[in-house]
Structures are given as C-alpha cells and as structure tokens.
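Presented sequentially are two complexes of chain A, the first with chain B as partner and the second with chain C.
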Partner chain A sequence: MINVEKLYYSYTKDNIFAVKDLSFQVKEGEVFGFLGPSGAGKSTTQGILTGLLPMQQGKADVAGFDMKKPPREMFNRIGVSFEQSNVYEKLTARENLDFYKKLFDVPTLDSLELLKLAGLDHVADKKAGTFSKGMKHRLTFIRSMINNPEVWFLDEPTTGLDPAIASQIKDIIKDRHKEGRTIFLTTHNMFIADELCDRVGFIIDGVLKLIDSPRNLKLQYGEKFVDVEYRLDESTKKETLSIVKEEDRHRLNEIINTREIELMHTKEATLEEIFIKVTGRGLV
Partner chain B sequence: MRAWYSFLKDLKVSFKSLYIYIEIIMALIIVLVFVFVLPDDFSPNLTGYVYISDSVKEYLTEDELKGFQEEENLVVVDDKRLIPGLLEEDRNSIGFSLYHEDEKMVYDIVLQGYEGEEAKKLMQEGIMAYMATEFGMFESEIQYLTLEDDNEKLSDRINLLPAFLMVNTAFMGLFIVSTYIFMDKEEGTIKALAVTPSRIWEYLLGKVGVILVTGLVTGMLTVFLIMGNQVHYLHLFVLLVASNVFGTSAGLLLSSFYDNIMKSMSAMYLTIMIFLLGAVPYFVPGFSPWFIKILPSYPMVFSFREVFLENPDVGYVYRSSLLFIILAIILFAMANQRFNKTITA
Partner chain C sequence: MFSKIMRVAGIDIKIGFRETTILYILIFPLILAFILKALTASNDIISLNAVIDPSVPSQMEEYLEQYGKVERVDSREDMDERVTKTDDYLGVFWNGESYTIVQQGNEEDLGEVLEFVINSMETRNLDIPAEVRISDVGWTLSPMKQYGGSLLVIFMSVMGGMVIVLNLIEEKTSNTLAAMNVSPVTRKEYVMGKSFIGFVVPIFHVIATLLILDYGDIDILKVIVVTLSIAVISVLIGFLIGVTNDDMMGGIASMKAVFMPVLASVFGAIFLSAKWQFLLYWSPFYWAFKSMDAIILKQATWGGIIVNTGIILGLTGIVFLLLNKRIREGLN
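What follows is the complex of A and B.
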C-alpha cells in the first residue's frame, strides 16, 4: 500500500538531509509504526507521503499513486491526523466536520456519529475554540476518518492525552485495523507502538535503522529470564530463572507447583530498550 | 463546488470574528462624517478685517462706503489697533488698513504668518486691482476659457468618495486577504485542507469571495447612505467588483512570498503606498507624470468619480473595470502557482 525507495529530503536543498536513503514497504491492512525521537525525520517522511512536502529524490507511492505528482483524487483514499490540532476555532465541532465532508468526492461518515465515537457529541454545537487541548486533538483525529480512508496517517495520535482518552483513541485505531485499513503511525511512544503495530521501523537522524515486528524484536533483543517472587517461611523470596536452561525450567515448575506465588514476570525487553540498544540513543 | 463550500465556510468564520463588524462600523463612521461633518465646499471662508481712515473715507461716496460694510466676509473696524486682536481670535482671517498719506493711498496688510510669498503677492495684486476698480481708475474685464466645455464637477465632499472607495474596496482587500491566509497558516487549517481533494485555487477563490462580499456590502452601504439614489449603481457595482477582485488578487500574490504577516508587512505597506500614488493626480491635477498614470489606481479613482457624475463616461468605467478583471486573473493565476509550491512548506 505504501512503497518507499531510496527517499531523500533536504529542507535547505543541499547535502544536509532530514531523511536519507529511506526504503520500506507497508502492506495492505498493516499497522506500521514509524518510531524515533523528535527531529529524527518521522514527520518529514509523513509529510512527503501525504503530499505536504514535495518529493526531491527517490521514489514513493501511496495507494498506487506516485508521490512525485500526486493527483488530488488520491486524497479521497487517504486520511491524515496531525500532531498539532488544526481545526477552525470559530466554527463548532459539527461545522468543522460538515465543512470537511464536502471536500471529498467519496461517501463520508456522519459527523455526529464521529463525534460520538470520540466522546464529543455533547459539545457538537460548541465552538472548537472553547475546547480543551485533548478535545481539539480528538476532533482533529476523527476528522481524518471522515472519508473512511484506505490509508490512514496518524502523527502522534495519543501524545498529550490523558490515559482514558488515549485508550479511547487506541480502541478506535484497533477497530479500523480489524476492518483492514492500512495505518502509518508516527510516534515516539513505544508503548503505543508495541500495542498497536504489526511492524515498526526505527528512524534516527533521518536513517531507517531497523524494521521488524515488535514480537521478533523482543525475541531477538530481550533477555530470556523470569523473575519470580514467592512466600517461604513467613517471608518473600525472589529468584531469577532462565527460561532456556533445563535446570531453571524445572525449578520454575517446582516453585509454581509448591509455593504461593506473589509476583512473576518475564524479563522481555521493551521496545524502548531495544531502540536504545539498536540506535544507541534515547527517545526524547 | 468546493470553492463555494470554502467561500461559505470563510464567510461563516469572518462573521464569527470581529473583523467584518469593524469594517461595517468603520463604513458607518465614514457615512456619519460625510453627512454631518464635511461641508459641501472646502474653500476657506476667509474673513477680512478692514480699517478705513477718515482721509480715505473722504474719497468714497456714501454708497461705496455702505458697499464695503455690506460686503460678505468683510468686517469694517473703527480702530486699526483692534485688527491684531481680531486676527488672533480668528486664525482664518487677514486684516487691512487703508489710509491716505502724502497724496498716496497706503494700505497695510496684516497676515497670520503662515501665508507663503506667492499668497502675499497674489493678495497685493488682488487688492490693487480691487482698489483700482473701486476708485474708478480702470475697469477690468476677465474672460475665462476652459479646455473642457462639459467639465462636470462634484462637490468637495462627494469628491472624496472615490478615494475612499478605492482604499476601502481595493486596498483593504489586499491587506485583509493576507491576514486571512496567514491566520490559516498559523492555525494549521491550511495543512488540513491540503490533504483533501480540494485544490489551492478553490481555497483561494473562497477567500476572494469573502473579501468581495465585505467590500461590496461596505462600499454599497456607504454610497447609498451618503448619496441615496443619485448614483449609477450598476456602474458602481461592476467597478466595485473589478477593483476589489484586483486588490485581493494582488494581496494573494504578495502573501504567497511570506510565511507570516510580520514578514509581509513592509511589502504590503510599500505596495499600498505605491498604489496610493495613483490617486495623487485626482487631488493635484497639475501633477500627473506617466509613471503615476500607469498605476492601476489612477484609472480606478477616476472611474469611481465617473459613477457619481450626472453624465458619466460609461466607456471609461467599463474599460477600466475590464482592465482590473484581466489584471486580477493574471495575479490570481500567479498566486495560485506560487501557493501550489509554498502553501504547506
């Protein structure tokens, strides 16, 4: 659904590249997470793939459209949610969506239904300018769904939202994924990426360092140990056991069968830890 | 169709913001100034305070003396020492004292001090001619010949309206459309539009429409409240549309070169000042060099003048309107091309 080949982009139109030699594919129905710290080149890549930035070097096509000169019709098939809310503050939430609906040539979703989905139906007729940051973000988010896009670009969809709202947004993304939509998710939040993405790409200083599924990455980079805490003689004991060694596996089995387990967790690596291992840099 | 939706949305946004009301209120203030403050004739009503000595009075008949006293704007005083005080009270006045000395007619002129050399000379010649005529030394006969026989004149008050309409409809549009564009850039809504099937020209056309409605409402309202039905409204409508669309297109092109309103200010100011130069010959007919005549504002202000005349040069009005429309189309196309490259950069 998205094909990128040897993509370069320079804001200064010289040899200082914001992204360089970027190549990857996103399959239809896949949630692809584009991960990296601020200034890594995530938004630049998304800008090129959504036609907001012109193509300079390399090749890219989205939903079968060449991004060298994307036709306006392409935008009937994609949706873009921005990191910064960008709604008409003088218009109500409903007016914002109703105006946006009219710009598409394909069937669109009902404004009120979308507002309900994001929990904004009770403020449908209030000016967006009176909304909190989170409410504006949700309005920007649901606006990007209005044309039921085949390819959905999400830039930091949960950043700055409280956990309850972030969870609501994640549920909407999961539902769309189940419906078979292709989702390109740009974020620096590894937990979101871990939860939502089929595959992730790590980008740093404009270079794509690695692409794989979160599961494979954890298997490859995680430590194969289990921490277990159990009751013994009125006190709590803690052991770290390998899940590979035969001896430790028997010991773990024994503890599970004979002791009262208080805590037990695998020591798999988080995506953030893997990112640091791979790139040598943090995510902030 | 998308241009229409964009226009309706922008109209809604502008009605929900203060700007459009400020412009309507400004238009109403202008109406009040025109109707209640400005006189029809701006010529200074100069008062002359005259002292005529007894020795001079001897040469005048009773009727001539009475004529002096009944002269409008002429106040005969009994003591020449009163003149400086009267002049201080009334800054729009001059004083004369006439007396006879050594068989010569002597006249002193007391001035305010702001009069130039040319004015002094003109006054001297005028007084001499007046005196000579009054005292029967010679009779003057002056014939006035003009180059244009049908030189229809507007009152001084109405004469200001064309300049106001030019500034209000064309140049305010130039400035306001830029503020709308920069506001959309700042709010990021322009990016949201850029990822829809909507085209840049549809977006820009929506803006042109909103500025046009504002310009037409304020322009027509102002003229109607000041002039009533003494105007050729069809000609005025066509001219308002053409000049407004021209100004807005120029504003679009200018704003396509800048990221924000602060950076564009100098260019905006310079453009408006250059365009205003085109109106100088309207107020100073003696100054109309070619480089001013080629400015679009030159035919604009004179075309607006025509619609207020009883017998307007309709051909001139429509030729000018056509010129503004052609220029507007060219400027709009250039702005569209530039915005296609820069609007989300």
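What follows is the complex of A and C.
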C-alpha cells in the first residue's frame, strides 16, 4: 500500500536533510508504527506521503498513486490526521465534519456517529473554538476517517489525551485494523506502538535505523527476566533470573520447588528500552 | 466541480457572518454611503433658490422669495449660465402662457418641488392653471456626490480582496489549509471557491451604495460589469497578500501598503488635470473609476465601458502572470 524508496527531503533545499535515504514498505492491512524522538523526521515523512510536502528526491507511492504528482482522487482514498489539530474554530464540531464530508466523492460516515465514537456528541453543536486541546485533537482525528480511508495517516493520535480517551482512540484504531485498513501511525509513545502496530520503524535524525515487528524486536533484543521474592529463614530474599539462560532457569525451578514464594513477576524489555539499545538515544 | 467551489465559498460566508472583523468590513462601507448621503442630501433640501429673467412678474418673484433666494438676471443666457454655475439654483422664465423651469439634471427633485410651488401660486391667483415645463441644461452632480459615489464604489471593490486576505490568513494560522490540501478539492476549485466572496461582496456593496445614494435610473448592468472587472484584481491582490503573510497584523500592513497607491490613483483621477492623467494609466482602478464616473453621470456607453474593462482585464492579466507562481507556492 505504501512503498518508499530512497526518500530524501530538505526544508532548506540544500544538503541538510530532514529525512535521508528512507526506504520501507507498508503492506495492505498493516499497522505500521513510525517511532522516533522529536525532530526525527516523522511528520516530514507523513507530509511527503500525503502530498503536503513536495517530492524532492526518491520515490514513493501510496495506494497505487505516485507521489511525484498525486491526482486529487487519491484523497478520496486516504485519510490524514494531523499532529496539531486544525479545525474551523468558528464552526461547531458537527459543522466542521459536515463541511469536510461534502468535499469527498465517495460515501462518507455520519458526522454524529463519528462524534459519538470520540465522545464528542454532547458538544456536537458547540463551536470548536471553545474546545479544549484534547477535544480539538479528537475532532481532527475523527475528521480524518470520515471517508473510510483505505490508507490512514495518523500523526500522534493520542498525544495530549487523558488515558481513558487515549484508550478509546486506540480501540477505534484497532477496529479499523480489523476491517483491513492500512494505517501509518506516527508516535513517540512506545506503549501505543507496541499495542497497535504489526511492525515498527525506528527513525532518528532522519534515518530509518531498523524495521521489525515489536515481537521480533523483543525476542531479538530483549532478554526476559523474572523477579522472584521468597522467604529464607526469617527474612525475604530477592533474585532476578533470566529465563533464557540455562543455569538461571534451573535456579528458578529450584526456588519454586523448595521455597515459599512471596512475589514473582516477569520483566519484559519494553520497546523503549530496545529503542535506546538500538539507537543509543532516548525517545524524548 | 461547481458544487465543490460553492462548498468552499459557503464555508467562508458562514464563517464571515460569525467573524466580527469581516462583519465590520461588510457593514463599514454602507455606513460610509449613509454618511455621504447625509452630507449631500442637506444641499438639496435646505433651499429652493431661483434665478429669474425679466419675463417673470414681480408678484411671482415675491412669492418665490418665501421659499429661498431669488436672483433676477437680465437675459435667458445669463440665467442658463447662473444655473450651470452653481448647483442649487433653478431657473424660471415665463413665455406668456406658461412657466418653464431650467435645471441641471441632478436637481430633478427640486425641480418638481418648484413646479408644485409655482403651480399652487398660479392656481390660487388665476383662473386658468398655468403649465409648468422643465428643461434640462445637462446632467451634472455636486462634486461630492458624483466623485464620492465612484470613489466609494472603487473602495468597495477592494473590500472583497480584504475579506479574502483575512480568510486566507485564518486558514493558514489555523492550518485548516492543510486539511483542505488532503481532501479531493483541487487547487482550482479551492481558489475559485475562496474568490467567490471577493466578487459577491463588492456587488452587494456597490448596488447597496448606489441605492442608498439614489442616483436615479443608472445602468445596473454596466455597474456590475465594472465592479466585476475591478474585483478580479482586488481578489488577485487579496490572494497574494493572503499567501505571503502568516499573521493578521502583517496582512493588514500589506493591505495598506498595496491599496494606498491604488486609492491614490483614484484621487489622482479626480484632481489631476487632463494633461497629467496619463500618469495614472497603469492603475486598473483609474480605469474603473473613469467607467463608474461615466455611469453615474449617465454618459457611459457600452463601447466606452468595454474599452475600459478591456484595459482593466489586460492590466490584471499582467499582474496575474507576475503573481501566479507565488500564489500557487503559497497555497502549499
């Protein structure tokens, strides 16, 4: 659905590149997570793939359309949610959606249904200018799905939302995934990426460092450990054991069989730890 | 295509009615028109001044003095001259059977009042009502009403451009432009939709102004042609300022900078002597002013309007070629 080959982009049109030599593919029906710290080039990439930024160097096609000169009808088939919400403040939430709807040549979703989905139905007829940041962000988010897009670009869809609403948004994304939509998800939130994405790409300083599924990455980079606490004489003893190493596994077995266990939990490497391991940099 | 243009236009209109700045722009010119009307109307009402020649009996002279100043001149020629010279004197002479009122075209209403006054005097004192006729010595308006009207009309054509500037800057600062750019609306549809208001607003303003100032039966179709032709360049300038400025303050500063010379060219058309008028030929607003002036004076011919409109569109075409690329880039 998305093919990118040797993509370069420079805002200053010189050799200071915001993205460099980017190549990757997103398959139909896949949720692809684009992860990286601030300024890594995530939004720039999304900008090029949605035609908001011009193609300078390299090749890219989205839903079968060449991004060198994408025809307008491509936009009937993609949806774009922005990092910064952008809605008409003088219009109500419902008017914003109703207006946007009419710009498409394909069947669209019902405005009120969408507002319900994002928990905005109670303010459907309030002007968007009176909304909180999170509410505007949700309005921007649901607007991007109004045309039932085959390819859905989401730039930081959950940033700045409280956990309950973020999880509502996550559920919407999961549902679309089940329906077979292709989703390009930009974020620096590793938990979201871990939960939603089939594959993730790590981008840093405009360069794509690695692409794989969260599961493979964990298998490859994350050693699994178990923290175990047990009674020994009158005190509590704590050990951290690898479940991969042979001798640690024997030791774990022995503890379980012979001691009185007080607490035991597995410690998985998070995507974040893997990111730091791979890129040598944190995510913020 | 048309429906999308109208949708883009519709949103601007909807927002326009909720935006105080835009409402202000819509209402302000009408207030100016009412002010201008108040200023010029006072001339008309205060006095019913008459110039009479020796044919008018002194009885009538005394009678007319109740209503205003009366001046007696020695001949018909002197009377005509007097009538043309200032704008609030009507001439009256008696040809033995009836009175004739001599007036400038703009004094139609006054003429009717005087006619009524003379008739009422005659019917009171004589058995046979005397007939009063009105003869024109050429259509001229008070300078304030003549030029004020045209000036206001040109000024209003610029208002549409201003609304576009405000709308575009708003779309950029709120970045709704990006949402538009990822919708199936083509650039052409977007630009035409955004321009729509730049044509509708001046037409609304201009017709409203002409009605408020009441120039009588002037040719509305010619007015619309001139207004539309001048709106094209205002829209173009509006787009240029809109895309090159990222905030309202900058936009307003640019508007002042661009529209000042424009309005200056119109003032030039009023105050420069014929010899120097060629200095203003570069300005489409000059040609529009000339057309409007002729229309208000009821001297405009379609030939003249078409020539002026052609010049306006030609100049606009040149400006378009110069700005086209810049505007396209700015909308990305």
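As a convention for this text, the second predicted complex is superposed on the first by the 257 of 284 C-alpha atoms of A that agree within 3 Å, B and C clash if a C-alpha of one lies under 4 Å from a C-alpha of the other, contacts with A are read in each partner's own complex, and residues count from 1 in each chain.
Rule of thumb we're sticking to: a contact is a pair of C-beta atoms (placed from the backbone, for glycine too) under 8 Å apart; a residue touches a chain by one contact, two chains touch by 3 or more.
Quick caveat, the model's predicted, so the values are computed rather than measured.
Clash or fit: chain B against chain C, after overlaying the two structures on chain A?
Result for chain B and chain C: clash.
In the overlay, answer first, second, both or neither for which of chain B and chain C A:G51 touches.
both
After superposition on the shared chain, which partner residues are touched by A:E73: those of chain B (first), chain C (second), both, or neither?
After superposing on A, A:E73 lies in contact with both chain B and chain C.
Can A:G64 be said to touch chain B (first), chain C (second), both, or neither?
It touches nothing on chain B or chain C.
Examine A:G160 and indicate which partner it touches, taking first as chain B and second as chain C; both and neither are also allowed.
A:G160: touches no partner chain.
Pick out the shared contact residues on chain A: the ones touching chain B in one complex and chain C in the other.
Of chain A, residues 50-52, 54, 72-73, 75-76, 78, 80, 82, 84, 86-91, 95, 99-100, 102-105, 140, 143 contact chain B in one complex and chain C in the other.
If we count contacts the way the header does, which residues on chain A are in touch with chain C in the complex?
50-52, 54, 72-73, 75-76, 78, 80, 82, 84, 86-91, 95, 99-100, 102-105, 140, 143
Which of the residues in chain C come into contact with chain A in the complex?
3-4, 7, 10-11, 14-15, 18-19, 174-176, 178-186, 332
Which stretch or stretches of chain A touch chain B in the complex?
These residues of chain A touch chain B: 47, 50-54, 72-73, 75-76, 78-80, 82, 84-91, 95, 99-100, 102-105, 127, 140, 143.
Of all residues in chain B, which touch chain A in the complex?
Answer in residue numbers: 1-2, 5, 9, 12-13, 16-17, 187-189, 191-199, 341, 344-345.
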